[in-house]
Every structure is written in C-alpha cells, then in structure tokens.
C-alpha cells in the first residue's frame, strides 16, 4: 500500500464513499513498507540500475533458478558463491549470464560505469585473489571504477609501495588478506581514505580459517579501517560502493 | 627531508658544490616519508584543522603530558580513554581542555564545522552511551555534523522507527550496541548509506565482553555494514568522518 | 513395580503369606521407575498419542530399524536427521512412513490435531528452512497447529511486519535464524508470548557454524526468549509443544 | 498516536475539517507503535499489574533514579543487579522499595498472586542461590506461585528425588546450576513440562565463568529444555512467567 | 530411613500393629537414599573416619559456619578455598581447626593413617605448591601416606629423576603443573601406576589461566594419565585416595 | 648397561685391568635407560602378558605392519583406530588377529583374565558405543573383567538405576558420554569408587565435537571423577586397568 | 633502480646533461626497493645459492608452473605443500625436480652444503615425521647439515636421552611434536642452544588440530624455545637456517 | 656429583680403599646431572658470568629472598615481574640490586659486554615499552649489545624505515607489539636475520589480551619469524641471546 492508496482511502472518506470505520480497518492492516521507507526493498533490488544479488551457498538449484526467473528481463544480476553447476542452471534462464570461475561469481545484464572515483582492491597473496575478485566484481557491478593490486603482501612491502599512486588516488581501498592480515594496517597507515578490510580463510594452523587476520584487522593500529566477515568479498565491494556513491551524487548536482 | 632538500642537493651537485659521492650518501639515508607519501604523517596530525589524537590507555601521565606539550599551541586535540586524573594533568598543559566524563574524552582547541552531510550515531542501550559519545565526539572533532539517537535498541523497535528520518537522511550511520548487537542489522536493513557498527562490552555471561555483538555485526544479513573493534567509538567516528569527507570535497568544487 | 504390587507384598506380609525377610528382599530390588515417576518413561513414548522419537545421526541402519520394529503397530513415529537411505530402511518396516526431504524427517502414523492454540515458526533465510521445517513438523506431530513464516529475516524487516498478525496471535513463536540471528530479538520485542530461538549453522567465516547466532540469541535484549542448541529444530518444536500443551489441558476442563 | 487519534483524523477528513493532503501528512509521520502492535511497549511496562523492570548494571545512580521517578506512583517495580547503593538511591524515590540482598533485587509495589499453576525453581548448589532467587522473585513479581528447591545438585541426587512431587506438579521448572550444569538434564528427564535452564558463573578453572554449564544445558539429552544466558535469573523467571500465563488466561474464560 | 526402619514397618504389618494402607503411606514417602545406595550420602560424610568436605568459595561466612555446626562433634572436617576470615569464623565453632595458609585449607579433627601404599604428589614450580598442598592434605585427611616432590619441573628434569624412587614406589602419583604442564607426560612415561594430573592457573599470556596445561595433560602421549579441573587439588587428592583405597581393603582381608 | 655391567667395570678397575680414565669414559656414555628405570620401556610392552599397543591413526599401512612384525610371535596385540584396511594388512602378518568393527579395534593373541575385581563401562547413548567398546576391550586385553552398561543416559535415569548393582559392585567405573556428558556426574554421585570419564564427539552444534561433555566432566560436582581426552576409550580402559591392578597384586600375596 | 642508476642520474646532473627538475622527477618515482634494502627481494630469492620457495597450498597448477617457469634455469627451488599432481606439473618444467612424498616437498637444483654447524630435528611420533621432514629438507636446501632424531617422544624419554649427543652438539634444535607437545620443554631443558618448536596437527579431541601443543610450546617452562605456526615445518627449517647462518659467516672471516 | 667425584670413587676402588659394592652404591644414587648433561643445570645458573634468573610472579617475598640468598655473592642476578615491594625485599639481601620500574626488572651484579653483534629491539607503541625493556635488559644481562627502536609501529611505517640501518645491521631482531602485531611481519620482510616476535597484552576488545598479535605473528607471511608467549620479554631476550652467542664462540676461536 503506497501513498497513492492511502490518499485514495482518504479521498473516499472525504467524499463519503467510505466510512471512518472502514478506513480505520484498512489503515490498521497497513503494511510497514508502505510508510515511506523507500530503501526497505532496496536491499534486494536497489535503485534503478542496481543489481539483484543472490547469495547461492545453501540454496538449492531450484531455489536459485526460481529467484532468477522472478527478476525482470535485463536487470543486472549478481550471484555469489556460485559453483559451475549453478552457472549451468542460471545460464538456461538468463542467456546473458557470464561466469567468473575463480571468485565463483555470475553476472548477467549490462553494467553502466558512472563518473565515480576509483575503488582500489589490494590483496596480499595469490590465494586471496578469489575473494578479492568477488569484491572487485561486486564494486564494478554497482557501477564503480576498480583498480586491482594483487599479490602485494607485507612480506615484500616494496611491491605495495611500487604502486602507491593507485592507493593514494583511490576514494576507497579494499584490502583482502589471509595469513597475518597485516596488509590492512600498512595500507591504513598509508592512505587517508576509508579502508574496508576483508580477512580471508587462506592460511593454516593457528590461522583458524581466518580468525587470525580478522583479529589483526579489528585491532589495526591505523584508524580508518573497518572490517567485514571472513571471505566476504561481496560485503566489502558493496560497502565500498556505498562509500563511493556520494561522490556521484555530488557530481550530479 | 622534503622535495626542497632533495632539490637543494641536486642543485649543489649541478653547481659542483657537492660531489656525486656526497650526494649519493645523503640520498641513501633519505627517510621514507620524504618520498611523497603526503599522508604518512597524517595518521597523527591530519590535514590542517584536523586533530592530534592521543589514546591514553596504557600510557603514563608523564607520557601523555609530554605528547600534549609537543602539540602546537591551539591545535585541535582529542584524547580518548582518559580518566579524570589524565584530564587534571592535561588541563595544566592545555588550559582550553574540556572533559567529557561518560566517554572519558578530552577535547582541546576549537572545532570548525564545515558544510558536511550528517553522521547519525544510534545506540541500543543506556550503557552503550559512553562508547556512542566517543564516536560522536570524534566525528564532531573531525568537523562533522552529528545527530544522536540513543536508547533505540531492538527490544523496543518502535523507538528506532520513530526517528527513522534522522537515519534516512544521514550520510553515514554509526551503530553502537552491546547485548545482542542486533541493532546494526536492523539499521543496515533500513538505510542505503554505509553503516559503521561498534560492538560494545556491555553485557554479561555468554556476551564474552563484546564477542557476541561483534559476531552478530560481522554476520549481519544486511549488506553495507562494516565493523570496528569492541568499544572502539573513536575508530567508528574516525571511519565515518573519512566516509563523510568526500562530500565536502565535492562541495568545494 | 507399582503401588499395586507394593500393596500386594504388604498384604501378603499382613496375612503371613510372606515373611518380613522375603518382603524386605523384594522391596530392596524395587526398581526406581516403580516409585511413581510416571513420566520417566515418557521421554521416549510420551502420553497416549504422542510420538516415539528417533534421533538418527550416529546410529547405524540396523540400530534404527531395530528401534522402529519395537514400536507398536500404528504408534506415531518421528525420526529426525534421517538421510534418504534411512527412509528406505524404515519404509520396509513401517509402510506408512512419509519422508520430508529438506528437513530430513520421517513421520509414520496418523497425527491428531487437538484444539490447541497456534505455534508460529518464523525463519530468517531460505537456507534456514530445513531446520525450521524440523521444528514445524515436530510441533505438528505433537498435535499442534503450526503457522509458517519463512524468509522474514531482519535485512528486510517489512516482510516480517507484513505478517505481524500471525506472530501476535500465536501462543508460542519459534524463531529459526542463522547469519546474525537478529530475528529472535526483533520477534521477542514484538510478541508477548514465549519465543523459542533456534540458531542455525547457516553462515560462514566468523559465524563459526552457528556460534554467532547462538550468542546473539542468548544475549537477546528482549526478554521472553530462550534458546536451544544450534540446528536443533526438533528441540524447539518439542519445547513449543510442551508450552502450548497446557492450553489443551485447560480446554479439556 | 493511537486508534482514537487516527479515527479523529479520519472524522475530520470526513467532515471536511481537514484536507486529504493534511491528513496524508499527519499519517505519514505516524509513529510505528500506533499501528496496533499492542505489545510493543509492553516489554517495559507490561499489561496492567505487570512490573516495570530496570536492569541496573552499567547504569549510573542518576540514570536509575531518573527512570524510577518516571514510573507512575504505585506501579510494580523490579530492579535487578542492584547493589546496596542503588537500593539507597531508589529508596529515596520509592519509599515502598524492598531489598533482597543475595540476588541484589529491589521490588517496589504490591504483587497480586493470581490463580496460576506453580513454577518450581530448582538450584544445584548453595552458591547458585542468588541467581535462583532472581528467577524466583521475578516470577513472583509477574504474579506466579513459586516453589523453591535449593541445593539439590546431582552429586547427591537423592535430595532432588526426595522432592520430586514439587517438580512433577509444577507447570514450568526453572533449573539454576553452575559447575557441571547436569541438574537441567536430570530434571528434564523427570518432568513432562517445559524446563528453563539457567547456567551460572559458579565454578572455576575449565568452567570458564559459566560456559561449561551453558554448553551442558544446550546439549541436554533430555528434550523440553531451553536455555537463557549465564546468570540470567531474570530472563528465566520472565520466560517461565510467560509460559505459565496462558493457564491464567484459560482460567479467566 | 534404613533397612531397620523398613523391617520395622514390615514387622508391624505382620503383627497387625500397622495397616497395609499405613505402611503404604510410609513407604511411599520413602526417601531415595534408603533404597540401598549405600554411597549416596557418602559424597558428603563418607564412611566412618572419612571427612566432611566444605568447598568455601562462593559461600558466605554464615553458610559455612552453619554447615560446620551441623557436623557432629569430633568428625574430621576439610574446608577448601578458605580465606583467613573463613578460618577465623570456623575456629570459633571448631576449636581444633588448623589453618594451612598457602593452600587455604582448614582441617579439624584427627586423621588416622591406615596401612595404605604411598601417594606421591609432584609439582612443577614454586607457584604450584598451593594446589599441590591442597591435593596432599586432602589425600592425608582421607587416610593416605603422602610423599611430596615439589619444584621438579621439566626445565630441570634431573631434579625429577633424582627422586625417581619416590615416584616408582608410589601406588598413585598426583602431578600438579602450570605453565606447559609437561611434567604429567614425563611422569606418566616413567611410572606404571595411575597418574592424576592437575593443571594449575599458574602462568600468563597464552596460558589462558590453566587451559594450556589442561590441554597438554588431556593430550598426554603417555597412557595412564587422567585429568581433573584446573587448580582442583582437592579433586586430585580425593581421586588418588579412592584409587589407593582398595589396597587397604585387600590388606584387611 | 645394567648393574652387572657397572659392577664389571668397577671389578676391572679394582683388579687393575681397567684404568680410572677408561672407566670414566665408559661411565660417561652410560645410557640413561640403564640406570634402573625398569618401567621405562613398559609403556609399550608392559609386564609379561601385557599387550603391545598400536595407535593406528596417522600411520601408514606400511608403518603399522612393520610394527606388528617386530612384535614377538604370540604376544598380545591391541591396535586402536584401525580401519578395515588396517585389519586386512595386519591379518596377513598376524593370522590370529580379530577385528571389532564398531570400535575399530584389532586384537591378536590370547587374553588371560586374572582374578581382578570388575570394571564397569557405562555409556549414555547408542552412538557412544564405539568409544565405550574401545574402553571395554582395552580393559579386557589388560586382563580385567568388564561389565557393560550401554544406553543408560541421563534423560531416562531409571535405566541407569535399574542396573545400580553393577555400578556399586565395580572397582572402577568408566563413563562414556557425548551430548551433555551429565552421566559422569550422576554415576560419580552414586558410586564410591574411581570414575574415569570419557567425553565423546557424539553431538552437534554447541557440542563442539566433544568440548561440551569434556567441560561437563571436568566440572563434575561429584568428586572422584577424572577425565581423559575426547573419544579416548583406550586411555580410559588403560587407566581403569592400572587402578584395578593393585587388587590383583594384593590377591597374589 | 639501484645505486648505479642513482649515481648515473647524479653524474648527469653534475655534467649538466640533466636538469635538476628532470632529476627530481626521476628520483620522485624511485621505487622503494632501490633504496638499499638489499634484502627486500631476498624473502623470495635469497642470496646467491639460496632457494626460491613456493608455498603450493591454495595455488592452482597453472599459477605454480608459471612461477616455476620464471625461476632462472638451475636455481635451487623448494616447493612445499605440494601434492603428487603438483609434482607432475613441475616435473615438466623442471626436469631435475625430485619429490619427497611424505612431507609433500619438491626440490629442484643442486644443494651445496657449506661448513655449517649441525641442525638437529627431533620429532615426537611417527605421525609427526612429514612435518619434521619438511623442516629438515628446508634446512638442507638452505645449506645446513641436518641430523634427524625421529620418534623420541616424551612417553619413552629414554629414547631421547639415548641420543643426547646429537642434541647437545647441534647449533640449533628443531622440535616437532603433536599430541601434548611436551618434547619441546624437555629438549629446551637439555640443550643450551636455541630451540625452534613446531606444534603439529597430529592428535584428536581436545587437541584441536594443534592448539594443544602450540599452547604447550608457547608456555614452555624452559627458556630458549620459540614457536612457529602449527605444521609449519618450512618456517622452522628456515628460522633454524637463519640462526645457523652466522657461524658460516664467522667461518668465512 | 661431578667428574672429579666419580674419578675419586674410581681411584679409591683402584687403590682398594673402596669395595666394588660400596662404589656401586655410591654410583647408584648418582644424580642425573652428573652424567655429562653439561647444560642441565644451566637453565638456572648458566655458564660462568651468566645470570641466575628469578621469575617473581606467583612467588612470595619469602620464597624470592630465600632464592636470592642462595645465589653466590656477586653472581649476576635477573629478577623479572618484580613489583616495587619485591625490590625492597631483594635490596636488603643484595645491596647492589638496581630496579627498572617500567619493565619491573631487578638486576644485581656486574654485566660484562663481550664482543657480540648487536640485538635490535623494536617495539610498536608506547605501551609496549615495558615488555620491550624486559627483553632488552635480559639480552644485556646475557652480555649482548642492544639497540632500542621504540614507537615504530606500522601505522606510521616511515618511523620504522627511518631507522632501517639499525634493523639491517642487527644479528637478531626482537619485535615487541600489541594491537595488531603487524610490526613483526614488516620487520620480517625487511631483515635477513632471525626475528623473535613478542605479542603483548596491550590492546582491548577483540585483542583478547594478546591473542590477536599472537595469531598475527604465528601466521606471519614473512619467514624467519618465531614467536614467544604473550608479554614474554624475558623469553625473547633469552632466545635472542642464545642466537647471538655463537658469533662470540666463533670470535674466540
């Protein structure tokens, strides 16, 4: 029930076509989403041009294809944690679906890149690339320019410094690191823009599937670092996209 | 050693006042921060008008006052985790220091509020206010407009919804919550701007001094939520300030 | 040995048919369950019409079918954590067995639904449905009316609110949620009846296979929420059934 | 804004005293709690005769007395985790306040005991009594008859069995236990009514301040056991009160 | 109610002095401990000559002295975790009470040492002595000969080996160790009798208040090692006493 | 080098056949095991008639058969954690090997049962049987009479009590329990002999693969309970065997 | 850009072939690794004769062979955590590659053994050998003499002592142990040289995949013990190699 | 009993002054440390000139002064974790004792600095200095030259790089860091000598009293890093001293 419907009710009351009691009954069952929380539905299908996101882990192929079918024709679609078998199933429903194997991401529809500032995605090791790519693709699908800086871990800090320009020019930096997760602190100490840190499950032993870099990042001695869940490349890309968004807004004005 | 100094060396080489070997020796000891990492020093004293920050926990009174003395006259100063005895000591060195008792924060110097969009700080319970205030004061010191929404926890979700306008209009939202930390997910589901979540150590038993809300927030089913360390109000305020900053930049253009 | 038997012994002593020593020997071996703990056996086969429950995980097919065979003809039977191969084996012994694939539950026998108040089962995400169904089926087998509210997670809180009537009318609410587990707190804040919260292992990273929502639920800032083990849909359905039961009792009077 | 107010608006629209647009504006800002979530406010001040609850830990004396002052004259008041200094402060505002030292609970106002079935509170050791009393007093303040069974731990199981009648007759049983927490499983195996289990922080070493009994209780091999947070006597009493409540309702009809 | 009482009832029924119904009523309330579980009460007051044990932590002075008062005149009494103030209070009730300061143990009554084999108590460091003494005193109070081997930690393994005779001749060995807890494995590898291992909270950092030696001991690569709770000197002494006991029994026959 | 050899050296020195320096050199290289630690080797092949034990997990088939080959002809052999493929390999080397499928235990050689008191093995659930059998078989191989009490968990405590005689007559009781592990406390409260508790990994969710019952057992409120590692049936059987052994010794005298 | 290049720039400035501005621009982009941090690149390809190391876990076959191809002809190559399929792939690119199956290590190129002191590698159990071999091979590839002492665990401490000479003569000792990890403390107490301790994931139950020996080792009561990650044989071998290296240096002078 | 004594016995046997039996008896009680494990006693009083070390935490003043009294006259003495009251007590026994307040270290006796290479001690934050000083003083007392680099944390990495010469010239580097512990990885990536990493308990929230930097350091992506216990400055200084020692040895040859 939207504004129009409420207005309609009120108009009917005004005109006498509806009694006060009838109106009261109708308004009583007024669903919450009608009250103007414009965004409420946006966590799924965001503003025009924004993608519909499907987190595939734990969903059956049937559930996933059902969701895809319900998405209007050419709308942008981002499916994460999608194995090859998911892609095969989605492909049948959305012929324009493209599969990114390493990050296990499916994208369908056409991405428009607006005039946004850059988001840099830095990752520590070769094994962190799948998560980094999930972040990068998510940010791109949300309409951001993305610069990738892979394999720039702390053990060879000169590789990171060799590309300092990319970091310093970015409006947001996503840092993806397993092992000791120290890259987030180094980058946080270098740049003056928000750093979104993603611990990964890459490591072994006292790494505890990502707990080690998670704690490192939460305890970063550099301010300006906030953290998302272990391996949550999507979350980092989404968060970075939100941060980067208001530049666009300003540009438009 | 800055650009000027390097230029000076080169000029002396050019003019023959300095041998190549002498120049090489001088350049060899070239400190890293001279190489153009403009920001490198900014983690302490940020750009003009930005505060010097002192994290007081674990520092002796002598160490704190020594640091305060080294800060130029009227520069903005933010001291966190500062007990009353710290304030007494700082007050002697900086007469303009003001103490915020609940969040145990000292501020000295004059804050200029630029034309930034609002940062909303929402906290769940009465006991979360000290951390929320640390976040709010930090954001204010960094030059942001801050709106406070305290005691709007999930158990009485109508209190939160009663103030939805503040949340929906904010450019960044900081959510401070102990107990179950569920407020972050609710707010993350309502707004379409970045949410910085701060778990607090408010709780008992299986709360494990903040681990419960920390995990809740890291696992938020609403995207657009990033997390800082338990009780890290400063970190959240700082992060929110960075995010909010680029609007200002855009405004200036 | 029940009251009748003890009385019998005493009568025989009284009549001289049994010596004091003989009686003493008989009473000495008096098994505990004869002392009037009527319920003691009921944890397995509850009161008339109540199901025999088999937890299949960790049991061999032989053990399970052996147990099923010992259950009288048409008695209600609920088998949880039962894979398809378990169903195949049970089917041979109980031809009336029906398999519920998602929650991996087998039900045999006929359920009578008495005039009980409703139990609502709300679940947060699509992946939580198997656990939610285990809870719902358990409650139904115990003779309750169950209303299902699936996919009403906190990230889109309006979906939950759209069905508030179901929640508000229920006599007990079961909340099933993985990820951040925040749904339990929201529901606990809305209803004035007992909420049984079931954390699920749906999630990843710092979710720790259900620890995150478990802690969220144990720390719920809404009172009236009690928690069962991770993924323990059966336990929640059983608990809710016990709570709902006394209405029936009252109805009977 | 309640029904009366909405009705008022509609009547004014009907009568022409208010335009549709004016009505729409008024309804737009309609706070959520006006929509019929009758219970929403009840988490604080429940239905008539129900207490206002203050969790004192982490609140200043000023905050607590401020809350107490806002509670209408003779309304029932329950303050938990209240040190003697809290009682001194509350006493000044509510002269009828009574202090329970062991459970650190303050009660003010007069409790009416309706015709409810009994709630039994069983505790394992002497040191668990404070938490057990918090549960018992909470249940009493909510209008329940409470039977206490203290010091009936598993190490001397005969003491428990000696009082089996109390357990078997109760409509709900609260089990409070530290150390190994095994009492919950034993009681859960004996009774056929819901058991609310409260782990306590009583113990040492590998007890981890209550984690040991918490896990024991969550893994109870007896169904019909649900768990609240460590030391959460209030939560258990509240939950038990909700469960016990519907008998009252039935009695009334 | 013991055998004699039951016999008495039966005799009265036989003689006609008591009706069957009267007997039934009496037997109905038959407390569990009368049924022949000879030991049931023994966890408190063990067989003749065995001590009454009071765990003082978490009990008020009033509760402790109340318990002491209920213990018959000269019966052996062991109170553990007893601060000096507890001793002062107990002293007033039991004039023969003796205080052991380091292990915070009170003993009252006279210990008889029967012809039992020796229990050896080995401890790793100076700081483990309080727990070791709690174990040694407990074993002594239970009537065992105890040999103490203190400060024989693994870092100087020769000190341990210098006293190997004591270990090899003991019937049971109690090993008390904090830090790395490695002593239990060494001793377990040397002796062919049961080893009761007690981890202590002596240590810091990644010791986690005794978790480190607890895990070491649970994972001992030497078989014949069983573990009690962290700092549970009493439990180890008690267990060792039980193990040592059957030799006495054999001696008697 | 044994006493005889040292004596030999000394005799040669005495007789002048060996110089002091030569003797000193010989004594200097004196291996430790020659010094009379008779038992040192016994952790593997214990006293005559005792089994050689092989823990198969983590060993290759080659390593295992190599070890088996080195064991003298008919010596008793116990191999634990042995899959069927291990049995196939061992069978080829030791034709008298017998496989116990559930506990995955191989036994070869003939067990002599001496006149020892009984060891009772009580287990809580059907799924705990494999671990219980590992304990029972180990105890039997070590020459003990074993009584099995399976499926006597706390949820139906009457089943346990129905067999109380077995427990009360045993010289040692092994309690094997997963889930809540509460059985150890109950049994510990019933018997007056040592209880060896074995937590099992049977359970799910907040069971954490055996951590829940491990903590329960370490915190047992009944004294006389010591704990071995999760699923360590062998360790419990071995420990119980050591405890039971000294009766035999006494019998012999 | 190395010293030579900087010198070149300066010479050109001196000679007037390059303006100061041009030189400044060139120096401005000076990559960090040119500044004399000679070692910076050495974490990968160390000094002449040192191996290139590839950690294979989490890398695709393509990534690994790509890295191998980039390594100059005959340079020493060490690949760890390499399954047989990795070896097949590497073999095609480097014909001189040799596979060590148990530690899953590939070595290619020729190792020169300089006149270094010995590194001893002691391991506790048969199942620890793979990690011990990874350490030993790493140390050998780095040019060290290695002595292996396998299966010398604490349960049979005489086996360790029988080889004390090897330990006492070594310049560094690597201790590899799972289970209780106690071997590190024993060895640390025996030798007067640095001990590098490697906990392994060999164990079960409360071993937590290596956490138990990790904590044991971190809490070693013997000083002179430092720890690397669980199963990190490579790290231990590398660290030991670094420690042993300066003897070589001294030898050379 | 040392070589001289054994020689003495043998000489007496040779000369006939002692019978073989008498000699055998004397040798039988031969303490282990006489057998040539030269180092065995050295963990306490190392080679000539090395300090006696007392870890004061958990020891009573009486125990500490007793130990100090037993140390010969002017021998070097290092007491760690010593509060001011410990110093007062030690001062009375050893007049030459000097107190270092921040690291709570007492040193008595005169330190000789041999011709060893340098040990660098780098610490991240001001609050890490006490632990860093414990490490530095320990290394100095062991006869090493120590260079201190304090407050060079990762957030301002230029401060570290400004002093790179000290790091690159050191023979061993000790890194002391709380918070995120990232400094160890950075330094490990810069130097080519062993790095001993000390996590500190400096931090809050998800720092868990040092667990965060402990995990960071154990997972360091730079090889050549080994870790000691949280806050174990002594252990790091001792380990570094052992590593540095063999240069001295080489120098002597």
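Chains: A, B, C, D, E, F, G and H, in written order; residue numbering restarts at 1 for each.
In this section, contacts are C-beta pairs under 8 Å (C-beta built on N, C-alpha and C of every residue); 3 or more make two chains touch, one makes a residue touch a chain.
All of these numbers come straight from a predicted model, not from anything done at the bench.
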Count of contact steps on the shortest path from subunit A to subunit D: 1
Shortest walk length in steps over touching chains, subunit A through to subunit F: 2
Chain pair among D-F, B-D or A-D whose interface repeats that of B-H, sharing over half of the contact pairs by residue number: B-D
Angle, in degrees to the nearest 5, of the Cα rotation that carries subunit D onto subunit F: 180
Geometric centre distance via CA averages, subunit H-subunit D, whole Å: 55
Where subunit B and subunit F are represented by their mean Cα positions, the distance between them in whole Å: 59
Separation of subunit E from subunit G, taking each centre as the mean of its C-alpha atoms, in whole Å: 50
Numbers and ranges of subunit C residues touching at least 2 other chains: 32, 36-37, 40, 43, 125, 155-157, 188-190, 205-207, 211, 214, 218-219, 222-223, 229-230
Interchain pairs in contact, sorted by label: A-B, A-C, A-D, A-G, A-H, B-C, B-D, B-G, B-H, C-D, C-E, C-F, D-E, D-F, E-F, E-G, E-H, F-G, F-H, G-H
Residues of subunit C touching subunit D in the complex: 36-40, 42-43, 46-47, 53, 117, 164, 168, 171, 188-194, 196, 214, 218-219, 222-230, 234-236, 238-239, 242-243, 246-247, 250-251
Subunit B residues touching subunit G - in the complex, by the definition given at the top: 3, 6-7, 10-11, 13-14, 16, 20, 23-24, 27-28, 30, 32, 35-36
Residue numbers on subunit B that touch subunit D, as the complex places them: 125-127, 155-158, 161-162, 202, 204-207
Touch list for subunit F against partner subunit D, complex: 124-125, 153-157, 179-182, 184-186, 188-190, 203, 205-208, 211-213, 215-223
Subunit A residues within the subunit C interface of the complex: 31-33, 37, 40-41, 43-44, 57-59, 63, 199, 201, 209-211, 214, 229-232
